[in-house]
Each structure stands twice: as C-alpha cells, then as structure tokens.
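Have a look at the structure below before the remarks.
By letter and in written order, the chains are A, B, C and D; residue numbering begins at 1 in each of them.
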Amino acid sequence: MNLELSDEQEFLREATAGALSRVKTVEEAREALEDEAALTDLWPVAAEAGWLGLLVSEENGGAGLSAYDAMLVAEEAGKVLAGAPLLGTLPASMLMDLGGDDRVAAVAAGETKAAWLPAAPPSSVEDQWTVDPIEGMDRPEAPQAEVKGDEVTFTGTVAWAPDAGEADLLVVVGLDGGSPVAGVVEASADGVTVESGWRYDATRKLGTITLAEATGRKLDVDEDEISRAWYLTQALIAAESVGTVATALETSVEYAKERYTFGRAIGSYQAIKHSLVEIMRRLDNARSLCVYAGYAFADSPAEIPYAAAAARSVAGGALDYAGRQQIQVHGGIGATWEHDAPLYFRRSQLNRRLVGGTSMATDRVAEELFQGRGPVAAV
Amino acid sequence: MNLELSDEQEFLREATAGALSRVKTVEEAREALEDEAALTDLWPVAAEAGWLGLLVSEENGGAGLSAYDAMLVAEEAGKVLAGAPLLGTLPASMLMDLGGDDRVAAVAAGETKAAWLPAAPPSSVEDQWTVDPIEGMDRPEAPQAEVKGDEVTFTGTVAWAPDAGEADLLVVVGLDGGSPVAGVVEASADGVTVESGWRYDATRKLGTITLAEATGRKLDVDEDEISRAWYLTQALIAAESVGTVATALETSVEYAKERYTFGRAIGSYQAIKHSLVEIMRRLDNARSLCVYAGYAFADSPAEIPYAAAAARSVAGGALDYAGRQQIQVHGGIGATWEHDAPLYFRRSQLNRRLVGGTSMATDRVAEELFQGRGPVAAV
Amino acid sequence: MDLNDTPEQAEYRAKIRAWLDEHKDEAPILQGEGAITDPDEVAREQRKWQAKLAEGGLAGATWPTEYGGQGVGPIESVIINQELQRAGVPNVFDVIGVGMLGPTIIAHGTEEQKDRYLGPMLNGDEVWCQMFSEPAAGSDLAAVQTRAVQQDDGSWKLNGQKVWTTNAQYATYGLMLARTNPEAHKHKGMTMFILPMDAEGVTIRGLRQISGEAEFNEVFLDDVVVDADSVVGGVDNGWGTGLTTLMFERLTIGLGSSSFGYRGRRFAEALGEDEVASRNSEVRHDFGELAAELEAVRWSGYRAISALQGGQIPGPEFGLAKITTVNCAIKAGDLVADVIGPEALAEESEWAYMISFLPGLKSAGGTEEILRNTIGERVLGLPPEPRLDKGVPFSELRAIEKEGAAA
Amino acid sequence: MDLNDTPEQAEYRAKIRAWLDEHKDEAPILQGEGAITDPDEVAREQRKWQAKLAEGGLAGATWPTEYGGQGVGPIESVIINQELQRAGVPNVFDVIGVGMLGPTIIAHGTEEQKDRYLGPMLNGDEVWCQMFSEPAAGSDLAAVQTRAVQQDDGSWKLNGQKVWTTNAQYATYGLMLARTNPEAHKHKGMTMFILPMDAEGVTIRGLRQISGEAEFNEVFLDDVVVDADSVVGGVDNGWGTGLTTLMFERLTIGLGSSSFGYRGRRFAEALGEDEVASRNSEVRHDFGELAAELEAVRWSGYRAISALQGGQIPGPEFGLAKITTVNCAIKAGDLVADVIGPEALAEESEWAYMISFLPGLKSAGGTEEILRNTIGERVLGLPPEPRLDKGVPFSELRAIEKEGAAA
C-alpha cells in the first residue's frame, strides 16, 4: 500500500505553489471586495502552469493526469485563496476530451476558456437531474435539451456556475426526454445570456447562464461520464477546502502560541487547544477522504459518487468549522477587516452553498449507502 | 412582573420532595433493571400526596391547581428519577374533569387509576392526529372512533403510553370522520389488550394498548382541549427533565471539585468547566421555557403549543447533553453499573423518544412560527 | 406567576407612556421608511433626542436627582426601556456614558468632576467613550500597557493604544485606564483618567469589521498630557474604579438589550417564504431548536427582571443569554443562507450583514471562553484556572511572556 | 497511489493466507450461527486458537525469533490482522500480553524473565493483564498510590487497588505499577512488578458497565508479597518501563482495530429498513455526516499504514481516529434509536447494547480531553497546561489535593 505522493505529484504541488506565490492572492481577496479590478486574472497563470489541460488526454494536447493531480492543484489554490479557474474549467475539459470535441486542445492551451454548468445526478428523493437555483431550495430540472444529429439545443437557467461568467465555451447538461445529454455551446451563441458576478468571496467569479434555445455541439458522453463531471467538481471543492483549512489551522496555531492572556499563551488553554485539535481532526479526515476520492477516480469508478461526496461533506464541515474558529481564536482582532481570517471565513460561507452545497454532498453519502452502494469491500 | 414561586408553590415543592425522600428511588432504579419487583409502587404515594387530583377541579374532589403546579411536582420527581404516575394520569384527569366524567373524583382520590393515550395534533407536514408507533418513523393515525350517543367505540393501537399499563381507565383520542373525539374506556372492557413493560429506564412503566372495537364513555371536550392534553404532557416531560438535569449538574459539579488529576481539581480545566457551564446554560433556558409554558397554560392559551413545545425541545436537549456529560465528567467510573450517572443516562435515552420524542416538539416550534403563531406580542 | 406590574410600577409606566405619547414624534426615524442613514446625521439626531429624554426624566433615571437623574431603581429603568421599544423610538445615544461611565464617576469621582461632567453627559451635549481595552488587553483587561507618567507639574503624560472604542469619533471625553506603576502587580498600579478626546496627540482611527463597516475605533495616544485633576478614583486605584464600570456594563447590557433583535419570528418569515424549506424536516428541526432557545432568552430576561424586583442583582450567569443569542443567531444566519443560497450573501443582503456582524459580536465584551470560565468559577463554584500572573510585577510579566512566545 | 502490496508483502500475505486457508476451520466461532456464548468457554477456545496462531507464526510476529516471534515489521503485523479479518477468524486472545506487555518485557526484562514468561504468554498458556490504572490514577497514570515496600528479605509487600483490569479473571500474571518511593516526585519512585494473580491477598472483582456486563475488573491488593526478582526494568524506574507499554498500546490499538466494527453500512441497513426514515432529509443528513466521518477513519488507517511502510511510527494523532469513531457511533446509536423508537432500547437490542457500551469507551484509554491535550501539545506544538504537580514530592501532593478538595 502506498498512498504517499509520487515525485511527480510532489513536483506538481511545488510548481503550483510557486506559480501562485507570484500573485498576492490573499491581499487581492481583500481589495477585490471593494474593487474587483484588484484581482489578478488567473486564467493566464493557469494556462502557463498547465492546469487547464491537466485532465485532457495527451493526444489532445493535455497532460493526461489524474483527478487526484487536479485535486492537488486545487488544494494549493485553496491554501492562498486563489480564485484559480479550476472548478468550472476542469470538468468542462474532461467532458470535452471524453466527448470528442476537438476544441479541447485550445482549452488545454489556454486559448479558449471553457466552463461546465454543474448538473446534479438524481437520487431516490430527487427524481431527475437538477441544477442550482437562483434562489431557494427548490432545485429546477436541468435545462431541456433537443438533440438533432450532432447538434443539441438547450433551454433553461443554471445559476452560480464557477468560471462560467468568463468562458467562451459552455459545457451544458440537459435533459432530452428525461435522459441527460451534454453539449458545448458558445457563450456568444444566440439565446445565451450570461450574468457574471460574485457573492461574499470576491475571488470566486460565478456565472448565471440562461439558455433560450441555444444550440451547440453534442458531446459523445454517456450518463456515467456526465455524472463524473459533477463528482469531479465535488472532489475539487473538497481538495480546495482542505488547503484553506490547512492555512487557517496553521495561522491559528501560530497565533495561539504567541498571544498571551492572564499570563499564559492562549494555546495552553483547553478551550483553544481542543478547538485547534478539532480543526486538525476534521482536516485529517478530509484529507483521508480526498485520497479516497482520488483512488476512486483512478481505480474504482463505482465508488466515485460515494467517495467524492464523502470528501466534500467532511471537507465542507471542516471549512465551516475552521472558518469560524480561526476568527474566534484570534479574538476581536480576528473579526476586523484588515485581518486575513475574515477572508477565509468568506470563502467558507460561499463554498458551503456552491455547486449543490455541502449538504447535498452529505445527502449523497446517505443515498449511496441506502442504495447498497458505497465502499467496495475493503482491503 | 413576578415569576417567583408563591408560598403555596414553595410548599408544594417541599412537600413533593418530602414524599419522594421516603422512597429510595435512585437505588430502586438500578435494582429494577434486574428485578422489577424492587420498585416501590408510587401510585399510593401519588394518591396520598394529592398529585393525582392536582388538575381536577375542586368540585370534583381535586385541588384545582395549575399546570405549572403540576410541573413543579414533575420537576421534583425528575430530580430523583421517581417513576411517579404523572405523565399519563394528569392529562387523563384533566380531560375527564373538563369532559364531565364523574369517575374523575375516584381518580383524584387514587381509588381508580386513569391514563391518557397520547395523540399528537396535526401540523402542516402531518395532516392528521397521530399516535406513537410501536416501531419506526411512520406515525399511525389516531384510533378510528365511532360515536353513538354518549358512547364511543375505538379501534387502533397506541404504543408506549406512560402509566397506561396499570390504568383502570384509559382516556383515548380517536378520529371520527377525521375529527378528534375523546372517550374513556375501561381497561377491562371488551376489545382492549394491554401490554405493559419498560424499555431501558425501568422506572418508567409503558403500556401499548390495542383497541378492537372497544367501547367507552364519550367526553364532552373540544379539539382545543384534546390538544391541550398533548401539550400538558410535553410540558410535564420538560419539567421532569429540568429536575433530572439539575441533579446531574449538581453531582457533576461536586465531583469536579473533588477529583484531582495532574495536581489540579478537574473542575479547574476548561474542558470540564465549560461543559458544566453548558449544562447550566441549557438548564437555565429550559427553566425559563417551563415558566413560559406555565404562563401560557394559565393566561395565554393561544401560546400553549408553542410554549410547551419549546420547553420540551430545550429541556430534552438539556437532558441529552447532561445525561452524557455527567458520565463523561466522572470518567471511567461514571460508566459503571454501580454509579448513578448511567441511571440518569438511561432516563435521558428513553425520554428523548417518548410521547412524540423531543424531535417532534422541536418540529412543533418551527410549525407554530411558520404558521405565524408563536409568541403573542411581548410585554 | 404574574407578568403584570405592581400598582406602583403601573403608575410609573403610565407616566412614561404618557410622556412618550406626547413626544415620540420628535424622535428621529432610524429604521424603515424615511429613516436617516448618514451616520453623522444619525448621531446628531440621536443626541438631540437624548436631550429630550433627559428633559423628560427618561435618560439616566437611576442617577441620583442631584445629578439630573430620577433616583429610581433598576426596575423602573427596565420599564423605560420597554416603553421606548413599545413606542418604537430610540434609547439614549450615549448608552455607554449614561449607563456605565456616568455611574462610575458618581461612585468614584470628585465633586468637581461630577459637577463638570455629568450634566452635559446626560443630555448628550458631550458624548463619552470607554477606553479600557488594548490590543494586548482584551479579555485580560488588567494587562493594559498604556503608560501614564506623572510630570513635575503634577500633570500626566500618556502613551499607548486603545482599541474597540465605540463612539470615539463622536466623543468629547474618554474614561481611560492606564498603567501608572509598572513595578506593581498587574492589578495594582493602574489609574483611571478622564481624557479630552481633542487633546494633542490623540489619534482616532475607525476599525472596520468583516462587513466593512467601522463599528469601533482604535485610539492612539502619543505624548498626550492631561491635568492632575483628571484622575478618577485615586492614583494606582484604577482597577477598582474599572470594576465599577464593568458592573454597570453588565447591568446595562443585561437589562437594556433584548437579544439584539434576534427573534425566531424574523427568521421564520425568511424561511417560511420558501415552500420547500418550510416543509423540509431538517430545516424545521434546525430552526425549531434555535427558535426555542431564542425564546428562552426572552423568558430568562423576564426571570431576571423578576429577580431584580425581589432585590437580586444579576450575576455573571446573565452572560449566558449572550452566548445563547449569538450562537443561535449564527445558526439562523447559516440556515437562512443555506435555504436562499449564494444570493443571501449579496453585499446588500441583510443576511450577509448579519453573518458578517456575528463573529465579532461573539468576542465583544469578552470571549465566550472567558465568560464560561467566569460563570463556572463564580456561579458554579468551580476551582479557578492556575494563574501564572499572580504576584508578579507587571514589568517582569511582560518579559516572561515574550520569552515564552519566542520559545 | 497504490492500495496494493509490494512484491515482498504480497508474498508474505500469500503465506499467511495459505496458512489460514488450511487452519481457519480450527478457529472457534464467536459470531453468528453456532457461536459459542459462554464467556469462559470463549476464553478457553480463544486461548487454544492463540496457541495455533503462535504455531503458525501469526501471533507476536513482530517479536524477535529467539522469543518465539518472526522478527517481522509492523506492516507484516497489519497484513496478519487484515488476513485474520478476511478469513473471519479471531485474533489472539491475549492482545494485551502479546501486543503490549510481552514487548515491554522484551525491552526491559531480565534474561530470566524473558525465558520464563514469554513462551507461555505467546501461546496463550498464561494470560496476562495490565495493572496500571487506579481509582485515582486514570488519565493521570503517574498518580498511582499502590504501595510496594521492600521487606528485609528483599521481597516486596504490595497494598492498593487497581481498576479497569481487562482479563484479570483469566490472567496468570499481571504487569503492575506500584509506588516504591513516595518522597520522590510523582513520576519518579514507581516500580514495575510481575504479579502472580493467584498470590495470597489478591482479590479480583468484576466491574460492571452500563449494560450490566463486567467488561473490566477491579483488583485489590492486601499485603501481597512478591519476590525481589519480579521487578521489571529496575526499582524506581517504573514510569520509564510503563511508557514502553503505552507506546506499544498505541501501536496495537492503532493498527489492530478497524473502528470497532462501526461502519456506515451497518447503520444504513438499520435506517434503510424504515421507508420513511430513508427519505427523511434530517435522517439522511445526520447519517451522511457520520458515515462520511467513519469512512474517513478507514482511509486514515490506510494512510497510517502507508506512512508506516515509509518508516513513520504513528504519533498521538492516531488517537483522533478513536475520537471520531466513538463520537460517530454515539450519533449513529442515537439516530437509529430515534428512528426505531423505544423498542431500540429493549434489553436484548443490539442498539441498546451499543448505546450502553459507548459512553465507557469514550473514556477508555484516557478521556477525550486528555487525548486532545496530548495531540495539541505534541503534534500541533501548543504550549502545555500549567502543571501544579511538577517538582512536588508525591506524598505532599496528596496532602495539597486533599486540602484543595476540602476547601
């Protein structure tokens, strides 16, 4: 059994950290709350570092790496609150690669921007593919789709799609007679309305896309592959959260050693100490499940929904907890604008509600087990 | 504003404590786990102390006291884990008194035992009166009822009814064409099957009653009065839980002062200290809501469902928490058979699932607020 | 069990209500339609209204009559608060001055100080701020490092930094704790001063919170000189003077606020709007739990008032209401935003504001951890944490800390 | 990322698997149909099976070959555990002896002790128990009060009480920590002894848990005399010897157990049976959360094995898996019983048993609080709690505690 990173993976991690270190991502996260222009555009960085082609096969000009490799990149981005285009682009490129869309080479090269519009697979309590609503708990069905030969026409709205506001190509999932089909629509196509913006965490650009009989190229992918895009995003959010929690823990531990009250470093008090250990416990669990998700994508596809959902559920919980505890450990100063802790908190607040939200992932864990799926017999 | 106990209430509380102090209730709670016969029959104690007629009007031979007075008795019983017949008998006597059943005088005097079979009022998510199921989450409708003149015939099963296993008279709620009616059926009547037993907490006798066309006398009570019986039981369980939590807190605090580890009393460690304060916080909140419930029963009937449900919800949460923390504070020894803490834990485990369970009370709080009811404009 | 007033209280309430009926139209509108929004204008209008309240005997009512108060008890002050709420008009602007600092000066000040400062404080002519906390002295207030050194002419020279100073930007004076004898143990050797906020060397800087709003200030003191007669309660006796302020702080917060307006009904409206949410068992459960606890806080408040009427002064356990309120409001914010989704986090959303505001509130006035310590020790009688700062001169303590942090 | 064995490991695994294929029918059946239930018979049969495992080299495989082991590494011991689980047969009966006490004797015992005790321990002829904990020495193990006084003839007289002693009723010997020098600081002045459990003055009493079952024992020592050569690791050096045992305890628990069998699937079956429950959003949420965490524990275990293979010995953070497991199982028990209702609490219900078992498990092997302290200090590097027992002779410490408790 070997779950350590390979040398190539260690290198990828370091290279990612290196590329991100050249941008003042955390400072920009604060400034962008008042002035969006303060944000460095990370698409070129992503292109140069090769992240956009990470999951694209080598024959299509990509690196042909694994989901776990992509998660390592996401983790590094999470550490420094970088709004790198990953959550929307990577599943888009994966589906385009699988589905035989030759424009994927340009996507991998960073010449064309692509984003996928997340659609969640059905469950025993949600009987159809759904997308995130603009507001409220009532999840609309995925856009209606009509296939005609190599083309597919979509009608519907998908809200809060990461990276979709800036994309040239939109990878859409729709329902054709109740069955999921995927297609690639140009953002500039007739019938496409793109609303771009951010909520609470200025580093994360979100697009709300309305498709009114918008036509694009059909992708040759099956239902399993379409659902894999959803779980890939779940796994990427999990990995990104792990990175964010790791930083929150690190800075909190550091402060707890330095800050004195009543003659003792605050880290010597159990209330602080135990809550830091609780962050660590959650972080460690989330990491383990990210390993599981990576393993499932590589070696055990039947476990993907369960593993990716479990990873997001636990990582989301860890991020919620760490986002609040980081502020709490820092006392009053942790709740001030100039401090970094609120930026991590903002990230935690948004991530919790993105792409189905943490709670939908948690629900999926139960679903898989109730349906008798879940873990394949253990080693 | 005066929310202190009156002199009469102080006296009632002391007299209750006095009557209970003559029985070794906590020791018996342990012994009864292995030998039911170890339990002192508390019906005679209740009769002598006047608890059975507490809510019966003076003209019917009762004390004509308030729900809050009954809650004070329940609180004292809860302090010492006394399995006093209150949860089933008091709502039964109240309904019989309101409904003009002259046998209530004998009930008040302790000559006849009466118990009510709990039925929960409908809500926006549960569209009919229901009773606790024998097993599972699917709540059956209240027994079917057929009214003929002064008589009513019931068919159905009500599980886990406190005090009902020993009762001579059963106060039943049934549905006649969808509308609730109440009636009094003799336990010895044709078609009545009584199964008596206990689960986990040997002090609490529970009856599962099956009615197969069992006929009894109809009570002249309306829907509001019938629902009041349900909320009275909720309030009594809340008050009883408050008593139980108070003892758990007291003994835990005492132990935390005496027990030393690593050269310090364990109560000086934040983990222990903060958790004891958490018991206190929950206890204090539960007490406040018991005051509210008492006030609602006396002066603001529209608030009864909300206030009683809120009291049970918070008191139930307090009991859950305290039941576990008492063991935890006592370390390994707290999890041994000879210790009292497990007896309080057993009580907490059962109470949590009795008469709708804590969770149904919590749901009711939400229901009342979602329906625009809840608190009447504050002072 | 009686939620009603005694006859005397009813009479007092009637008097207050009559005054408010007559004058409430003069109050500034701070919420809803036609509300003033500019912070400076709000402050100005609220101060005018405070003067009006003082005139009617509704400001500082518990102050002795010789200083402009009514000499009434805390229950009457509760009645005033309730009637102000009922009438939908604001309370005094300078809650900190009138509720906490004024009473401190009444208890410890010289006659000259009382004559000079109390009147303008009461009618809002001069706003006050409380300058106790420092970057390194939050929950552990006795760790203040701001130095006050007496000059040859008897005046004091102040250097240091204060933080979390509400209203500093409006204040004419601050009541400030500074260290006058670093060689004494940390609880000794502090002195309380009255600081003119326009003195040379005083710099005020807004301290922005998560939401971006500056709810507090930092105040920097750079060779600020104050007269010898600005000492309140005696040199090196500042800790004792400060304890009086903190006692009044507890009373003011405990009896004045009503859960910061966090009530089940407000959240029920937001959640109930969503048909799916209002029927979802998880939403109902989470909401029911927090709403019940918030309701408990209201009734705990009534119980405290009732006990106060019986002569009991609320103890540190009063702080439990704040813990409950803040934590329930945090859960409520999360729940509402979970139901609404990312749109709840829009910059102009009331929920985003609440979600941003609460983490700071959690530590305001002492962290939850410190509060639980205090209640555990003072109410439950649990043994204290070992204190490593007992009996050590303040100057050495700092050295020890620095050494520890470097280790 | 590779869940597979290296070629060497695969070969080892094949060897173990082959042996088990041949011998697994000889194992006693402890669960399911035809299972033995009488505790004494269970113990007897498990001991026989242990002898068989030892014969096959599957017991104490990490012990040096000269003492009957195979001299293999911890990874091979993990492989053995996995294969035993896979074959559905029990592990050794005397996990404590083979996993913890034997290795302690190997590290600290005399040659005579090793020759005399290790063989019968390994094959289950002589069961051992660990006698460290006392009523007043639980998490704070160094607080043992059991006294050992040396007699003129060099033998030791023991008086005191031990508690939480697993297997005492089956044991031939106990490894026991006693205080030999009360005037020394608490961590000094203790000595480790080998105690024959049939010695005069030893009384064993079953200690019943919440469920009514006696999972542990108390052992009372009343003027028990042991020979001078029963000292392990030197007089007054008991703490050091004990630390070795604790280190092996961590390794045994960490690598041997697999979450006590608490797995999401088991609970899913119970919950999924109820159609309403399996569609209830609150049940799904609560269950999904705990199931995901339990799954994490499994993968944390794989990660630890992987790290072990890379040469890393698991540290105190390994204890996090226990915290997660116990707390998730507690939530699962509550959830299942909420769904089933009071019937889940029937005396013969597996859920009632689980609910009764878990609170004790929470404190077993050190409370969660102590574990969090240890991890906070040793892994995160947070500063320690102030220790009031540092540098104080044990005899005085007790006096101080008594004074404090009386105050």
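Going forward, a contact is a pair of C-beta atoms (placed from the backbone, for glycine too) under 8 Å apart; a residue touches a chain by one contact, two chains touch by 3 or more.
Everything numeric in this text was worked out from a predicted model, so none of it was measured.
Novice: Name, by label, each chain that touches both members of the pair chain B and chain C.
Specialist: Both chain B and chain C are touched by A, D, going by the contact rule given at the top.
Novice: Could you let me know which interface, A-B or A-C, is made of more C-beta pairs in contact?
Specialist: Most C-beta pairs in contact, of the two: A-C.
Novice: How many angstrom lie between the centres of chain A and chain D, each centre taken as the mean Cα position?
Specialist: It comes to 41 Å between the two C-alpha centres.
Novice: How many Å are there between the centre of chain C and the centre of chain D, using C-alpha atoms for each centre?
Specialist: The answer is 52 Å.
Novice: Once you find the CA centre of chain A and the CA centre of chain B, what distance in Å lies between them?
Specialist: Distance between chain centres: 49 Å.
Novice: Would you please write down the residue numbers of chain A that are in contact with two or more other chains?
Specialist: Correct list: 257, 264-265, 269-272, 274, 359.
Novice: Specify, in ascending order, the residues of chain D that touch 2 or more different other chains.
Specialist: Residue numbers touching two or more other chains: 280-283, 285, 369, 372, 383, 385-386, 388, 404.
Novice: Give every residue of chain C touching chain D within the complex, in rising order.
Specialist: 280-283, 285, 383, 386, 388, 404
Novice: Name, in rising order, each residue of chain A that touches chain D in their complex.
Specialist: Touching chain D from chain A are residues 1-4, 6, 68, 124-125, 253, 256-257, 264-265, 267-268, 270, 272-274, 276-278, 280-281, 284-289, 291-292, 294-295, 298-299, 306-307, 309-310, 313-314, 317, 359, 361-367, 369-370, 374-375, 378-379.
Novice: Give the list of chain C residues in touch with chain A in this complex.
Specialist: The touching residues are 133, 135-136, 138-140, 143, 163-164, 207-210, 212, 274-277, 280, 282-283, 330, 334, 337-347, 352, 355-356, 359-360, 362-364, 367-369, 372, 385, 387-390, 392, 397, 400-401, 404-405.
Novice: Would you mind writing out the residues of chain A in touch with chain B in their complex?
Specialist: 269-271, 274
Novice: Over in the complex, which chain B residues touch chain D? Could you list them?
Specialist: That would be residues 33-34, 132-138, 159-160, 199-200, 206, 257-258, 260-265, 269, 271-272, 324, 327-328, 331-338, 342, 345-346, 349-350, 352-354, 357, 359 of chain B.
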